[in-house]
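Chain lettering (A, B and C) follows the sequence in which the chains are written, and residue indices restart at 1 in each chain.
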Amino acid sequence: MSKNTIYINGLGSVSIQEQSRNFDLSTMLEIQQGINLAKQPSYKDLMPPASLRRMSKGVKMGMYAAKIALQESDIKTPDAIITGTGLGCLIDSEKFLELLLENDENHLTPTAFIQSTHNTVGGQIALQMGCKGYNFTYVHQNSSFESALLDAFLQIKGSELENALVGGIDEVGSSTYKNLQIAEKINTEEQLFESGVNAAEGATFFFLNKEATEKSYAEILDISIENTMDKNRIETFLSDNNIAIQEVGSLFLGSCELAVDKEYFSSFESLFPTAEKVLYKRYVGHHHTASAFGLLLAAEHAQKQVCNEKYTLLYNQFEGKDHSLILLKKC
Amino acid sequence: MEDLKKELKVKIIEVLNLEDIELSEIGDQDALFGDGLGLDSIDALELIVLMDKDYGIKLSDPKEGREIFQSIETMAAYIAAHRTK
Amino acid sequence: MQERIVITGMGIVSAIGTSVEENLEALLKRESGLGRLSLFDSIYKDQIQVGEVKLTDKELEESLQMDLNDNYTRTTLLGIYAAKQAVENASIEDINDCRTGLISSTSVGGMDYIERYYTEFATNPQVVKYITSQEAGASTDKIANYLGLKGYVSTISTACSSAANAIMMGCRMIKSGKLDRVIVGGTDALSKFTINGFNTLMILSDSLNSPFDQDRKGLNLGEAAAYIVIEKESIARNANRAILGVVSGYGNANDAFHQTASSENGEGAYLAMEKALTMAGLESNQIDYINAHGTATPNNDLSEGRAIERIFVDKVPYFSSTKPYTGHTLAAAGAIEAVYSLLAIGHQKVFANLNFKTPMEELNIQPQTETLDLPLQHVMSNSFGFGGNCSTVIFSKA
């Protein structure tokens, strides 16, 4: 494997927060109990109105965040587009399914079906930007975004790509989220469930490049995703990258602060007693690709760091599965 | 016939989410596809369902639509001649 | 030099059989698995042909000795059934004896059960357990748990090219040194959702699908699951495993033309085939057989046919589509056809393209319509999906 380095050179997001980037933890909104909807920007400023007419919320959010990330990098067309989404284009999936059930399969139209596929956002971005390159979509629950990031990382590292647009998108679908409340997986405004999360939606995109620029936020040193968590994994991951535990200055954790997950996060934190920690889901809410927003915060944080803390580590898991580590280095 | 044409324009704007287009912007003879209103093959499939649902006209081959959906005028004429509801 | 990535196991369940052997036999006997829909009710059941797996959910659960009270969807059951076969076929005793991953793919996840219980979730506590099966990754997790796999687990969904893409990412994980072995493939059960979806696009045929025929009327949907075990060659050799073939090249490109339709000159397909050939270090005239995507929609076969003519110019290899046997199995198609490509290499046979009568006016090529004995070194498999997603994988004789 070559020694190519991978830098985050641009980023953009749509979330429950007001802005797209330049976040300050001390002034950010905190998530409310239940289901939180993303603040919708003015899409017409960035996209031709005719192109918006069929787009559901998730596609718009993804397209917007992608455009912001590319604008910042002064790039028109990336080499590849790699996305992650847990539940995909829920709004159109629900729309098609509900019409199918209500009308007993009669008088259905194709638009919602076409837009219901999980790779709709990646496909639409490619179509709009005329990007004929590599185009993948990962749909593995809470490591959907991490899988997309790993793919881009390995391809840039292996010289298959020079750059890539990578993002995570999840939208709230009202029926599905209501069902998840019935299943006690998402809290309601009135009731907190034992394994209920405070849910939200959003899209976060990154432009990755093998060359650093003056605007680069951070270097991605390594990514690891495993189905289960081994005791020694974190030490091995760091030592594989020749980094001592004490060199990790900040932790960004995908914790929903649930009893079921506590053990994993607390044993992780205990390895880094002096590191600063950020529980990013307090600001972005839980959705399968919330970790993309976590990476955005971590990347901005890394860029602003002045002291000698060189490394930032992100850890995410959900209900004991899909444990992911992302290691960042200050540029 | 004028009522039918107006009805069609309203329906097309609604069904195809043409939010930014005013009724008056669609001329009776304007091309619906290509350079005119800019509709595409997905819209054609939406219009085929509209024909069935609202006028009881079943088109089984998307190619038939090409002639019928040339303009509001051709659509209205076809509907007037073939409608079952 | 990069170590080769070899295939050491395969498993499959489709409309033409519940094992690799049954699938091979049907392909050689030219027996289609298509027929009328019996799994669930639909207003289209007498108008369409589908490729059903001839096992009920209960039969699948019993044969896998699984807990009947869990929330397994048919997509999950088919996936476990095929993945288990693949691991057994590779004679793997301990799935975690080297760094092993699982990359699966599916198009609509647990939609087969979601659509069944959608209106009951609020009122029937018995079915609430199925709510979380909507997540596309849920089926993959269950396969990983069944296999006891601890390492990297992921799911890809790029519509009908999904499983081909799972193979690519599996290879990438091995090449980069992240994994030694990956089980890759896909699973998709039939659902009302997909039947109605393709029906709204007016691309479902009311008769048996006839790829690359002038009078083709569209596709037939099918359900299936297939997985292959890919490994670093040294690991396979050390364990004395039989090597079924080599993944020698792959490529993914986007047509960037239309949300669902392919461009008339098949630009995305052309780019995917070209990338795969480049990676394999092969000239186009070294490909002996193409297992085409060949869905039998007017649009796909024209676009793919033109792309094949552009890549291979005047030396187009034998090609056929096996969709008339299985139907179009969506996300699983790339894995089903990977198994068929490996069977073609293993038995040195080109499988016949059924239902072909009249060559297409726009093309100068036509598919192979009889089973053919042929020395095969390199086989190309194409899979294309919505969103302009085009994928090609090249398998070679070890």
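In this text, contacts are C-beta pairs under 8 Å (C-beta built on N, C-alpha and C of every residue); 3 or more make two chains touch, one makes a residue touch a chain.
In this text, all values refer to a predicted model and were calculated from it rather than measured experimentally.
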Point to revise | Reference chain A; chain at largest CA-centroid distance | key: B
Practice item. Pick out whichever of the two, A-C or B-C, is joined by more C-beta pairs in contact. Key: A-C
Check your understanding: Approximately how many whole Å separate the CA-defined centres of chain B and chain C?
Key -> 38
Check your understanding: If you average the CA atoms of chain A and of chain C, how far apart do the two points sit, in angstrom?
Key -> 28
Review point. Got the chain A residues that touch at least 2 other chains?
Key: 108-110, 114
Study note, to complete from the structure: So chain C residues touching two or more other chains come to 200-201, 258-260
Check your understanding: Residues of chain B that touch two or more other chains: which are they?
Key -> 42, 45, 49
Check your understanding: Inside the complex, what are the residues of chain B that reach chain C?
Key -> 40-42, 45, 48-49, 60-62
**Study point:** For the chain A and chain C complex, residues of the former touching the latter
**Key:** 1, 81, 86-88, 96-98, 100-101, 104-106, 108-110, 113-120, 122-124, 126-127, 129-141, 143-144, 147, 150-151, 154-155, 157-158, 160, 175-176, 178-180, 182-183, 185, 225-228, 230, 288, 321-322
Practice item. Using the touch rule from the top, collect the residues of chain C that touch chain A in their complex. Key: 42-44, 106-109, 111, 114-115, 118-119, 121-122, 128-129, 131-132, 134-138, 140-141, 144, 149-159, 165, 169, 172-173, 175-178, 192-193, 196-197, 199-201, 252-260, 267-268, 271, 385-389
Review point. Can you name the residues of chain B that touch chain A in the complex?
Key: 15-20, 38, 42, 45-46, 49, 52-53
Revision key, fill the gap. So, in the complex, the side of chain C touching chain B is made of residues 200-202, 258-261
